Amino acid sequence: MDAAIELDNLARRYGERVALAGVTVSVASGATLAVLGGNGAGKTTLLRVLAGLLRPHGGAARVLGASLPGDRWRLPARVGYLGHEPLLYRELSGRENLRYHARLHGVPDARVDELLAAVGMEERAGDAVRDLSKGMVQRLAAARAVLHDPELLLLDEPRASLDPVAAELLEPLIGRASGRTRVLVSHDVEGALAESDLSLGLRGGRPAPVDAELYR
Amino acid sequence: MTRAARTILRKDLLIEVRTKESVPAMVLFSITVYVLFHFGLDRDSLDGELASGVLWVTLLLAAVIGVSRLFAAEREQGGIDGLLLAPVDRTALFVAKAAALFLFLTAVELVAVPAFALLLLGPGLGGALPELFAVLALGNLGVAAVGALVAALAAETRAHELIVPLLLLPLLVPVLIACAQATEPLFRQEAGPEDLGRWLSLLTLYDVVFVLLSIAVFDFLLED
Amino acid sequence: MYSKGLAPLAAATVVTITTAMAMVFFYAPNDADQGFVQKIFYVHVPMAIVALCGFIAGGVFAIRHLRSDDSSWDMRSYVAIHISIILGLGVLVTGAIWAKASWGHWWVWDEPVLVSFLVVFLLYCVYYPLRFSIEDPDRQARYSSVFAIAAGAFVPLNFVAVRLAEAYTHPRVLSQTGGDLPGDMRLTFLVSLLGMALLFVTMWKLELTAKHASMQLKRLRNRARVAA
């Protein structure tokens, strides 16, 4: 079976500066990769490359069978991204936001209601996003990320604003139980390692062993 | 229009109806500028080229506000990632944004042009309406195409409130020339010789060039 | 990479410009109406033509940059536009001098070339703030190219629009550039035009060479730092 993600010496510049270099990893379908490292190590950059938002500048990358950068356009339909920004329009309600994304992905409205129930937001679904608490917004963002039933989930600190109840609600959607291939960025090293199959440490954009030195 | 373009357009219209931030501001701005012109020129009524000039300059300046705010909702939600992560053709995105701008401009003109006739225009508007519509339609199309392009160019720069007017206004000079010259005879007390065909042709040429160009380059603006 | 042929090019430029200057001062006749000052025409018009070609060349290089994703085309585009902006300033200044001498005002709106040049100049001045307000270098290059293409397409459109807006035509030496110029004036004009074009290309190559060298230096420094 083809690996879901295959990276070989992936490189990405920021002008003359190195953002990523020599990143080589293979993630099997359904597995979880934990990406760990200090601030500025390149974790978010890596996620954005995998999402198709950034083009690789060197090396080879295949995500869900699509080679980057050429087949980037194939990725949005199959990748779910839950980053630092919820990517929800603040003036629209949760339901309107999800319906908007659903239409863009060609997903029926019924799925929106299904997900709203799954994340426990049916009651507040009609309220404008700017009136919701951070935790509720995060729940909606998670719903947005899995709306189109993506094969690959890219999660950047997914549980940051969540209370334990919400975290439990989201578990079947974005957790290991979801069965999707996942790439997880987290500052909670132990927690991340506990729920992942393999790990990648990054330091200054390059792979580094996951030990105490990583966060210096 | 593709489903994606329609979806994005509907979203932008919905947000505008909710926030009422762009269109009312542009209308208010236009009327304020008419008042400024009244005091600045010390005139109670204008006709001919003066009327033409005041109307179009005001509308163009109001358009700058609309263009500045075209990607405001995206900026507020943390960037255009949301649009990039959706399986949307960049051309559809351009069409949606340009269409939104076109509709906003039309809405503004529905109030701003009669207001102009009321406040500053000497001769009546009546007979000139069909010609005026043609000029407005073609003019708005040009402004919409160039405006969407400039908005995207400036969307993620640091100094976007500065860049938008500085970039947009010179690019719209041909539109201003064509619209002002076209309506000048329409705003005269006695009907003068018209050369509408020439100016509408110039507008059409401008529109075609910039719609095609914007569609061609839009891809390069929203990827990394 | 860019410095190939720079020396002979520079030499040719110097020779042509010197010849042109000699011709302007000693060969071309004084204009009957405008006198000696009319000779600024031999600087003003070639500068305008070369600057406009430079802007359009900047747009063409930008197209190549976007298609090939090769940043050296972006540099060529940037330098072409950069030099054309400087020449553009020269066009406006010499135009003003000529206007003052011929018609008594520092600026006239009857000259469609001069007026459309002012608009083009104002537009291209935004190139710098646009470019340097974008921090990501790759995006900076890409957005600059998009601007260069849009602005390049704008130049001819704008000229047509301004031309059409002119109610009256002034009998000017400018309008005679087509072929009404008497033989000795035309020859002087052509030599001046050639000299200006050569000057542009020389300055363009020179700046590219300097930029390329400083980039190489920076790269070497970075490599040394990383290795250390």
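Just so it is clear, A, B and C label the chains in written order, and each chain counts residues from 1 on its own.
The working rule: contacts are C-beta pairs under 8 Å (C-beta built on N, C-alpha and C of every residue); 3 or more make two chains touch, one makes a residue touch a chain.
Since we're looking at a predicted model, the values are computed, not measured.
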Item to complete: Treating touching as the only link between chains, describe the layout with one word: line, ring, star, complete or other.
Response: complete
Response to the item:
Higher number of C-beta pairs in contact (A-B or A-C) found for A-B
Worksheet entry | Centre-most chain, if every chain is reduced to its averaged C-alpha atoms | B
Worksheet entry | Relative to subunit C, chain with the most remote C-alpha centre | A
Practice prompt. Let me have the rounded angstrom distance from the C-alpha centre of subunit B over to the C-alpha centre of subunit C, please.
Written response: 31
Worksheet item: Counting in whole Å, what is the centre-to-centre distance of subunit A and subunit B, each centre being its mean C-alpha position?
Response: 39
Practice prompt. Quick one: report the Å distance separating subunit A from subunit C, using the average Cα coordinate of each chain.
Written response: 49
Worksheet item: Among the residues of subunit C, which ones contact at least 2 other chains?
Response: 136, 138
Fill in: Residue list for subunit B, restricted to those that touch at least two other chains
224
Worksheet item: Which bits of subunit B are touching subunit A when the two form their complex?
Response: 3-4, 7-8, 11, 14-15, 18-19, 73, 76-79, 81-82, 84-88, 223-224
Discussion item. List the residues on subunit A that touch subunit C in their complex, please.
Written reply: 13-16
Worksheet item: Within the complex, which stretch of subunit C touches subunit B?
Response: 66, 119-120, 122-123, 125-126, 129-130, 133-136, 138-139, 142-143, 145-147, 149-151, 153-154, 157-158, 160-162, 164-165
Worksheet item: In their shared complex, at which residues does subunit C touch subunit A?
Response: 136-138, 218-219, 222
Worksheet item: Contact residues on subunit A for subunit B in the complex?
Response: 48, 51-55, 72-73, 76-77, 79, 81, 83-92, 96, 100-101, 103-106, 128
